[in-house]
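You will see subunit A twice below: alongside subunit B first, and alongside subunit C after that.
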Partner chain A sequence: MKKIILGLIALFSFTGWSQTQTINTGELHGNFQFDGQLYVRDSILDPNKEAYPDEKFLGQGFMNLIYTRGGFTAGVRYENYQNVMIGFPQGYRGEGITYRFLQYNTHGLDVTAGNFYEQFGSGMILRAYEERGLGYDNVFDGARVKYSKNGVTVKGMIGRQRKYFDKSSGIVRGVDAEVNLNELFSGMSENKTLITVGGSFVSKYEPDNSPIYNLPKNVGSWGGRVNVQRGGLGIYAEYVYKINDPSSDNNFIYRPGEGLTFAINYANKDFGFMVSGKRIDNMSYRSERNAQQIETLINYIPAGTRYHTYTLPALYPYATQINGEQNLQVEFTYNLHKKTVLGGKYGTQLFANFAYAGSIYKSKIDEDTDIGQTGTDGYDTEWFKLGQVKYYQDFNVGFKRKLNKKWKMTFTYLNVQYNFDLLNKGLRDEVMIKKTPSIIYLNEFVLEMQYKIKPKHYLRFEVQGLFSEQDSVGRAFDELGAGSMVLGLIEYSISPHWFFSVQNIYNFGNPNENFRLNYPFVNVAYSDGPTRIQLGYGRQPSGIFCVGGVCRFVPASNGLQMSITSNF
Partner chain B sequence: MKKLILAITILFSTLSFAQNSLPKINVTSVDGQTVNTSSFTNDGNPIVISFWATWCKPCMRELDAMAEVYEDWQEDLGVKIIAVSIDDSRNSGKVGPLAKTKGWEYDVFIDQNQDFKRALGVNNIPHTFVLDGNGNIVWQHTGYALGDEDELYEVLEKVAAGEAVN
Partner chain C sequence: MKVFFERVSILVVIFFTAISCDYVSEPFQDNGGGPIDTNDVVMRNILIEDYTGQRCNNCPKATDAIKVIKGLNGYEGRVVSIAIHTGFFSVPGASPFDADFRTTEGNTLESFFNPSGYPTGMVNRIDYPTDPFKSYTSWADETSAFIDIEADLSVDISANFDSGNRQVSISVDSEVFNEIVGDFNIVLLLAEDSIVSPQVTPTGNVLDYVHNYVLRKSSNSIWGESYINGSAAEGTKLNYTGTITIKNEWREDHCRIIAFVYSTSNQEIIQVNEIKLF
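Entry: the complex of A and B
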């Protein structure tokens, strides 16, 4: 494959391409990133040396090269992990070409051979994507054809998914069609209501190697979706269904899966409103039925909660539950006009968000079968009944305001309920239904201030507090989380090149007195155009880091971190 | 690997070794319409393309900062700003309402499958490109520090005047 790409590139660079008018040789561009950490032995954070690697220094990186000429594109990515950094999936070890493709595009036809990322609808039935910062990459290796004309887009694909430096044993096939009614029907082209409908069919094949069960080798799924827009109003709904698919995720039950998601939003200049919800029932869909964690997922189900990126709120993120979940989210934004009593001279923006996620209602299929029992249909459920277990709840409210020419501020208050048994320990519904799950109650605030010293010189401050309580006494230490903490941060930036920051977290409320620690961290970054070099030194608390719908646990660490990223 | 290096070395002598032209990729408008990036034009005036996401705080700071001066930039230099969100289905429904309530007068698009981001070789967001009047990429920047919009304005002044950047 590599040789073919090279051969083609070389060929095109030495010969004119007869079909193109201009005799150019095409463009080659790409990007590069390297991240490394020199670990410092910290006997207080890590008494058992679990977070101190033998290598002492770990580094990983990648480079992408993309060649384009007219409608032709070829690309390749090299990745190296020597060795993979702590907190990343340990399956990434070593180095190699992990991504290469050939693609051409002509008159609405788009053909790809090799690796490709793809998404049908919202991704609830199929989504291959990458989050390099998390080590997530379930790219397909195979072939894909797309054709678009008159508002109709049809896609067909076949391939196997990436699993670290290997590939999944299962094969995924899929077709998808999307129709823009306003483009397709000339009578609707002037219509103010824009309607798009779509449908997909996806199937995976995996051999049945089980000595005990008769497992389906082909697992089919289908879905439909509709998107309606009129003025500031938007409505989206999607439904997917999957036949029975016993897997290690669902404890090998034979129940079919289904999922419904919807979102309604409205906005004008003064006011924004969004409500979204979903109901997921047994929708883990992987091209390997024994895969774990982030491996070989065919579909993507997003967490329907606000995505917090301030440091302390981000320590307790919600991760979507692909085995089953009910979820509702409501969000408001309101602008107080400038030069009013409440709005002040420059205006003020108010925002509020509420999200709930819990289990679907589960009951026994019969007297003798436990909920979720292996080899059975698993459980019965009811659509319009609240589930027995609360997973997560988040209410947050705040405002953003420019105070004067020098100062801007943002304040956020959060009230979070976090199911520690589920989100940190991975207990199943059937276990949590029988006991009272340990819920951590969090009250949090974030105050952010920006100050302009003079043109191109700015200061930014953050003060954050996280106050943690448990729902009952007598819990073991590992059920309590890290307890209350506060954070202070100062950033100084000199545009366009320099950035400095100093941060400290003080975990004053840790239930274990030995861990009532300070976590200081300093950062320096230099930017020049597309290049950024960053150095950081200090202690970082353990936490769960999420990008998109995927989370990974990163242990506490101490050391020197470095990162360089560039593109050309 | 040796062959790879050799081939690339040969190529450098003949190839345009940089991203010059904008790749032609389909993205989605906030009202769900498919739009090809080849339609990103501005009557011979400069274009700014800014990659962002609803969860990216530096991106929001950059777009907020540019929103405060956008009217001036449009009047002075005829600049058009295109904000491309890489939000996935978790937040893609919030992109349109957010842009509207923030009063961003930009053209806002969503690149959910990140095809446009990948084609432009963007590693991290925010990442900002400047296109000259002929649609050629003449400048780019990764990251955002408060006040970076002042440097961007200086770049745009040169581009609008037909001067070389860098």
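Entry: the complex of A and C
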């Protein structure tokens, strides 16, 4: 493989990389990113130097190169962590080629050797993907074959997963088939109802080195799915099952896992509606049974709550619980017509969202065995019974409206219940069932205004408030995070090159008077075509950063941040 | 099309047949597999370095895991552990969490190995630098990898405590059983057991939690001193001596001495042993 990489590098080297190059009939594309931070000692924010590394400056980045010629594609990615920035998984240390592949596509056949990302259905038994903001990358290294013809797509793959700069000890094998009935059967080709069905089987192999447990070396999982579309209506459902898979995640219980997810959505030009839900029972699925956090996950459980991008609401996100969860989400959008009393001159969009997530119902398997006891079947459950523990609840409502030719506004109100014991302390259901868990109640608002000064010159303002109430059992606030805070933001952008922003968060409600701090932050960015350079300086509060229900903790820090992105 | 489906079906059937699922039925546990017949051969011992803190609610699970490992059939006397209180969770807080178990040695180790997330630990410091830290749930698996391995050298410790100056004089004797090539250092540590002090646990604060094998001090810095320089032939006998002074607040009757030999190139510990002072 080293020879292949050297060959690719030699192939690329004469092209340069400042812009797209044509090599005979081939094309070379790529992108580059660097992020770094110069850490400033802040004895108030960080009395124990948790966010003040010895290196003082940490930087990390990557560069992708993709070469295509006809049906042939080859790619490499170089990554460097010197050293990995605070808040990212510490396993990323060093530098090297972490991704390389060769791929060809001919007459519906698609063959990949090397690294590849893949997803079966919604990902509940297999999804390999990369999310750089989280430090998440569970890419496979192996081989994959896909074949598509007449509405039928069949995939087969085998590989090991990436674990930082190493690989998982487990091997993953999988097949997936998806059939588009409208394409396969000529009698349905004119049908307005579009139906796709699919099925998957995945198995992982990992040696059993445990002196304590008799562990399954091969753990299989399978699932089926259906997707129906008619006009603005869409219905999706998927069921998955996994055999006994004792692991660090489930406290080494031998109970099989299963999951059901569904989504129904409808939209027309005035109205949008979505209801989705899932029931997950013991569906952690990793190629290393002792892996932690975001390491070597084979599957992905879709998020079931709204992902908030505004700064303060994003401080209390919900992380999908792979060990078990009941979740329901309902969302509406409605457009008030322009030139009406309620809609105003330019129209108004209303939106509302409600999401609930809680445990599945768990009971003892017998009188002598605790719920979740290691080395047992774990627990019994009932499908249609509400679980004992609330994990998270979010109700948010708001509107977007253009006020006149210069001004636009968006207002959002949020009411959130956040299980601190689960989402910050990581307590298991069996512990929380025995005591009343700590719930943080949050009332939040966000007001966003945009003002067009003149062509290419825009101002944007945000005012945010987060008001935290005492938890359900009256514990002291200082066990429960930072308390109430407000945020103000002003952004000024001169299209297409310049961007400036000034932001401050004031944590006025912190129960510890020493931490009633201001968190000022200034940002400047310059864009030139595909290249963007950004500099930021100031304090940032600690928080949990999530993408798609997968989260990582980011400690509070102070310093100069820089970022460069470019593509060609 | 028909040919296509036939071929795909055959492939899928082969795949499903070849990759069976391993359904495990009770008993789920096997408790170590029984005593090992060593024929008086000195076996390689295992050091588990447990990175912990009194405000880390999951850390008692790691402590429990070590207890289980030490109690497995055939593992008795083969597993040495040390609790290294470092990092955010070991910073003294408001009462009752105001005890400070941090040490200069522990802080040095933390800076060098850089653990991520507590509890975590190293088993004979294998897989340095790529993946030295192992989840406590995998410590038993990692330990089992050494349980049938004969040692390349012995580490026999003797210690005398002088109550007048509270100094422990330690002597380590080793015999090389198989030629050893490389540079190896020896480290002497003092650990204290049975310290009653609060600990956060998954079920709440336990004020009378008993902390065991808490790292207190090293004799010769946490990196030790050279023990094998370049190579040591089979039959070579080695000796090392050192002293550690026990502070007044530490109880000598609950202290133990740990000695281990490690490679200075890859950090792997090739032998470890311990004795109780009393």
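Going forward, the second predicted complex is superposed on the first by the 541 of 568 C-alpha atoms of A that agree within 3 Å, B and C clash if a C-alpha of one lies under 4 Å from a C-alpha of the other, contacts with A are read in each partner's own complex, and residues count from 1 in each chain.
Assume a contact is a pair of C-beta atoms (placed from the backbone, for glycine too) under 8 Å apart; a residue touches a chain by one contact, two chains touch by 3 or more.
Predicted model only: the values in this text are computed from it and were never measured.
> After lining up the shared chain so the two structures overlap, which partner does A:Gln293 touch, if you call subunit B first and subunit C second: first, second, both or neither?
A:Gln293: touches subunit C, not subunit B.
> Mind telling me which of the two, subunit B or subunit C, contacts the most residues of subunit A?
B
> Which partner chains sit in contact with A:Asn209 here, subunit B, subunit C, both or neither? Use first/second/both/neither.
Touch status of A:Asn209: second partner only.
> Identify the partner contact of A:Gly529: answer first if only subunit B is touched, second if only subunit C is, both if each is, neither if none is.
In the superposed model, A:Gly529 contacts subunit B only, not subunit C.
> Could you say whether A:Gly91 touches subunit B, subunit C, both of them, or neither, answering first, second, both or neither?
In the superposition, A:Gly91 touches subunit C alone.
> Now for A:Ala267: first (subunit B), second (subunit C), both, or neither, which partner does it touch?
The answer is first: A:Ala267 touches subunit B but not subunit C.
> With the two complexes superposed on chain A, say which partner A:Ser501 touches: subunit B (first), subunit C (second), both, or neither.
Neither: A:Ser501 stays clear of subunit B and subunit C.
> Go through the superposed model and pick first if A:Val175 touches only subunit B, second if only subunit C, both, or neither.
After superposition on chain A, A:Val175 lies in contact with subunit C alone.
> Once chain A of both complexes is superposed, is A:Tyr164 in touch with subunit B (first), subunit C (second), both, or neither?
Second partner only, subunit C.
> Once the two structures are fitted together, what part of subunit A is touched by subunit B and by subunit C alike?
The answer is that subunit A has no such residue.
> Taking the complex as given, what residues does subunit A use to touch subunit C?
48, 50, 54, 89-91, 93, 147, 149-150, 152, 154, 156, 163-166, 173, 175, 177, 201, 203, 209-220, 243-244, 246-248, 252, 254, 290-293, 375-376, 425-428, 431, 434-435
> In their complex, what parts of subunit B are in touch with subunit A?
Touch residues, subunit B against subunit A: 3-4, 7-8, 10-12, 14-21, 23-24, 26, 31-34, 54-57, 61, 88-91, 93-94, 96-98, 100-103, 112-115, 118-119, 121-124, 127, 139-143, 145-148, 150-151, 166.
> State the interface residues of subunit A toward subunit B in the complex, per the touch definition above.
So the residues of subunit A in touch with subunit B come to 2-3, 6, 9-10, 13-14, 24-31, 33, 64-68, 73, 105, 117-119, 122-124, 127, 129-130, 132, 148, 153, 180, 194, 196, 227, 229, 232, 234, 236, 261, 263, 265-274, 276, 300, 302-304, 307, 309-310, 331, 333, 335, 349, 450, 452, 455-458, 460, 493-496, 498-499, 525, 527, 529-532, 548-549, 565, 567-568.
> Show which residues of subunit C lie in contact with subunit A when the two form their complex.
1, 4-5, 8, 11-12, 15-16, 19-24, 27-33, 57-58, 68-69, 72, 75, 87-88, 91, 111, 114-117, 129-131, 134-135, 137-138, 140-145, 147, 202-204
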